[in-house]
Amino acid sequence: MAVNRLGYVHARVTDLEEAIGHYSNTLGQRIVEQQDGRVYLKSWDEFDHHSVVLEEGGVGLVKLGFKVQTDDDLAGYEKRITQFGATTERMSKGENLAVGDGLRVVLPSEHVVEFYTEMEYLGTETGTWNPDPWPRDTRGAGVHRLDHALIAAEDPALVERFFMECLDFRPAERLISDPTEPDLVGSWLFCGQKAHDLAVIKGENGKLHHWAYWLDDWNDVLRAGDIFSMDEVSIDIGPTRHGITRGKTIYFFDPSGNRNEVFTGGYITGADFPTITWTTDQIGKAIFYVTRELNDRFTSVFT
Amino acid sequence: MAVNRLGYVHARVTDLEEAIGHYSNTLGQRIVEQQDGRVYLKSWDEFDHHSVVLEEGGVGLVKLGFKVQTDDDLAGYEKRITQFGATTERMSKGENLAVGDGLRVVLPSEHVVEFYTEMEYLGTETGTWNPDPWPRDTRGAGVHRLDHALIAAEDPALVERFFMECLDFRPAERLISDPTEPDLVGSWLFCGQKAHDLAVIKGENGKLHHWAYWLDDWNDVLRAGDIFSMDEVSIDIGPTRHGITRGKTIYFFDPSGNRNEVFTGGYITGADFPTITWTTDQIGKAIFYVTRELNDRFTSVFT
Amino acid sequence: MAVNRLGYVHARVTDLEEAIGHYSNTLGQRIVEQQDGRVYLKSWDEFDHHSVVLEEGGVGLVKLGFKVQTDDDLAGYEKRITQFGATTERMSKGENLAVGDGLRVVLPSEHVVEFYTEMEYLGTETGTWNPDPWPRDTRGAGVHRLDHALIAAEDPALVERFFMECLDFRPAERLISDPTEPDLVGSWLFCGQKAHDLAVIKGENGKLHHWAYWLDDWNDVLRAGDIFSMDEVSIDIGPTRHGITRGKTIYFFDPSGNRNEVFTGGYITGADFPTITWTTDQIGKAIFYVTRELNDRFTSVFT
Amino acid sequence: MAVNRLGYVHARVTDLEEAIGHYSNTLGQRIVEQQDGRVYLKSWDEFDHHSVVLEEGGVGLVKLGFKVQTDDDLAGYEKRITQFGATTERMSKGENLAVGDGLRVVLPSEHVVEFYTEMEYLGTETGTWNPDPWPRDTRGAGVHRLDHALIAAEDPALVERFFMECLDFRPAERLISDPTEPDLVGSWLFCGQKAHDLAVIKGENGKLHHWAYWLDDWNDVLRAGDIFSMDEVSIDIGPTRHGITRGKTIYFFDPSGNRNEVFTGGYITGADFPTITWTTDQIGKAIFYVTRELNDRFTSVFT
């Protein structure tokens, strides 16, 4: 494991003040910094400086950041990515607030992804000294941490191959159209032992489907749903269970229309995890296990 | 409190064998008796002989049964019901398997409802002697007991008045069209301390919306949903939370198309409970609190 | 059902300020009124003026209050109680803040219990108009409402008979020493459809074992336990499950040493509920179902 | 990450038939093979051949097995372990049923630990093709998988250093006696992203404190506790929460006296996880967060 995790999501919102209300009061992230038209947010169980960056102007993804273990890992990735044929450039400490030197890559799906080894350390809200299991003063849904993102690509198989060959990701689950002549519709990829850190599904290049926050359990998912109703958050679907990853979920939209998720459950993966395959004739069950019906929004709304 | 509870639901199903599979393997009720084209089922935490009777031939409700405390109560109800102007007749022990003498009434909404004081006692599956909290060998969703039913009426206010004036029910919650000139759209009525024992909403006379089984908590609701997916049960909506009663729920259909519910949560009522009022401009939130959207089926599918 | 519920617990505490911290910040009750050395508290889901009264000076119970449906019920109870041979006197509106006229009784176990039909109405924190399922700004453990109390008596059978004969309570569960020649050790009595409203166990007359608050589910019980640890509340036992009532529980002590409980689960009773019997050879399982071991405190610490 | 996980626990039991009842009927593991006085068990969510081996004759640990990613990793570990000064020998495919070639090491704490890259693949009970989230026919507590083990050592710091220097483990949490002059009392070590895979506390060399199985959530922990009571399993402590790892837990004993745990919760770690430190003045909170009291058994009973 050399890629530690999805470290940050940097996205656009149409109205920064509305967005702050959503991510702070409703989801419960803390505002770490606000400068140059951007707001930097972290969740209570994250120790790095921030996990979400929002900037005003439209909707959708600006870029993703993955934290990598060592500079040697970064150099190795750079070599492999260049060989793969993707565009890459070095980035310097300070180009991103609180983030060190790194590598900026344009994926075959046109998404910008940054890799870095250092981010300013702020510590979690419970600390590292005889800590409580959660902070007494959580806000709103009290999301624990950024969990994963799902992006769209015209050629999901190419993006999957990119992450596998260049970055040692592996697919926990794959969605294919036909068992005999498989066309990859989606791939749920992990870099360590989680069910997924980044997923990709068929769609327009450069687009974002959602990013997800971790909650403790199914009760906290309903509690989040109650708070979403109190705060008039637009719900996509849920609470329900995913077939893929077994996760428990609510999909919803921030005030600008970016889709978020609260997520829990799943399983532990690892290097020898046997990939699970879903076929599109079971796509309803794959995505929303209980009802076995896709809603239209799930496959049509990207930002 | 003189009406103890909704004691049984007697319904029609198109195929008895399919129905047995659903109510027994999937929901986990036990078959107590099968005779004369009818099957009698009980749940593990019910001590009376049965709580559901199914007979082959169509769909929808045959009748409901309410267990009453004493014969004096029955006599008093008979008088009040006659005064109210509803049709009533005495029924004899044996007309219903395992049920004693009683009263048969046709509601103003054309539903047949029976009142009785005695049913053969079979005991719960955990018994009354140093009992375990649940039976080790529960089946399927493991429903605990029948909880309530929701019926349709052209004039919900009339049915509400019937149950209040003749049977001492009280409304826990009411749904009205307009605060200034209220037209009653639905009423959730209790006879003891539960959030509801019988509810009525605007619709075609004689029709059934659903009957509901009790589960322990929100986790068991998801577990039921998982089992419904494994057993290919048709889902109406859920898992989600109701605004009305605060309950946690999945609506689904038996193989014949009768709607069932698994339900938990809510609150304790009682004689001095202050009725809650919902207005139809908030009907989405009232019915499905998280998404705040009614699905079409909820208001259109009755049996 | 004519006794609605346990309406209030009036207890003594050694230090009022400490007690306010516990009942308000930790348990989440709201201070309604503070006057004449007494503080009046209510929980968010209670509509009457208060459910707990604390006064400075020692520990233990001053009295319990039960809310009764009508004045006719009160008069009937008065007659029966007098016939039973217990001491009773009329009390007037204003003797207890916000409580109407009523009846004051000294139980055979020397506890003072008041019965009343009216208490000033304040409403719940979610209200009766298109309400949310819970208030967004709950404090601490967020207890919903007073649920029940457990008192000690030298002769539990006498107290049980008092509540059954004078007040129409029924036992949901009974703990006996020996099936052949039963000596009643404890009785869990209900007045409506709950698993219990008042329980009595063998012990010194006039003493209190605990009073209990309702929570939504097992997750909220752990959440309460976490908060008790953060706030350094002294724990008696839990989280665990009771055999008796199937309830899920933590017992703990207020700063003065009065035992409280957070409680959820159980089942619905009613007039025809078949009483469950436990034998003292299974007392460990009866009280703490998982470990099957009584701790010493449970049977020795009363206030 | 090159050590994937704790792959198996091989332990002694006094009576194999009793043990099979416990691990199979109560915990829900499946018997994969029984031969030569040994029984091999796996959990429903494990894909390798087995995770627990039991052999008759006494109690306590025979050895632990860790699955490693590649043979190169094995060779590298061998070199580092030899340099560290620990005893190591090569083992061959077939020495352990269904396990490939590997490395056998005697820890500084005298425990035998095996490292291997291959184990016969049997698949999980839900499979890899459009899988359900859990198998419809789980048995007993339905444990998902082996999670971690806790061993005793006279010098925990030496064992911690061994796993850190030779095998790239890192401590998620550490328990020290005094912040100024720290003496390591315990260390909770992870190899991937879990809260811990192996922990070590001060005690007699070669001894086992417990091994743990994963469950889905806090509700499943209580459900397991209920089943333990039904099956008369001896409970050590719980259900409760750990301060260390935030986990939710029950400790209990198999019929031979080996301590097991059911465990859920915790958090995600990784290479940059900031180690949490507990001080022994907070040991009660560290081990049992809610009650903040160690029971005697926890620190005295090892097998």
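Going by the order they are written in, the chains are A, B, C and D; count residues from 1 in each one.
Convention: contacts are C-beta pairs under 8 Å (C-beta built on N, C-alpha and C of every residue); 3 or more make two chains touch, one makes a residue touch a chain.
No experiment lies behind these values; they were computed from the predicted model shown.
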{"item": "Option in B-C, C-D or A-C whose residue-number contact pairs overlap A-D by over half", "value": "B-C"}
{"item": "Contact-richer chain pair [A-B vs B-D]", "value": "A-B"}
{"item": "Cα-centroid distance, chain B relative to chain D, in whole angstrom", "value": "48"}
{"item": "Distance between chain centroids, defined by C-alpha means - chain A, chain B (Å)", "value": "43"}
{"item": "Residues of chain B engaged with two or more neighbouring chains", "value": "133-134, 217-219, 226, 229, 241, 285, 289"}
{"item": "Residue ranges of chain D in contact with chain C within the complex", "value": "218-219, 222, 225-226, 228-229, 235, 237-241, 248, 250, 285, 289-293"}
{"item": "Residues on chain A engaged by chain C in the complex (per definition of touch)", "value": "132-134, 136, 217, 219, 226-227, 229-230"}
{"item": "Of chain B, residues touching chain C in the complex", "value": "1, 4-5, 45, 47, 67, 69, 121, 123, 128-131, 133-134, 144-145, 192-194, 214, 216-218, 241, 243, 246, 265, 267-268, 270-279, 282, 285-286, 289"}
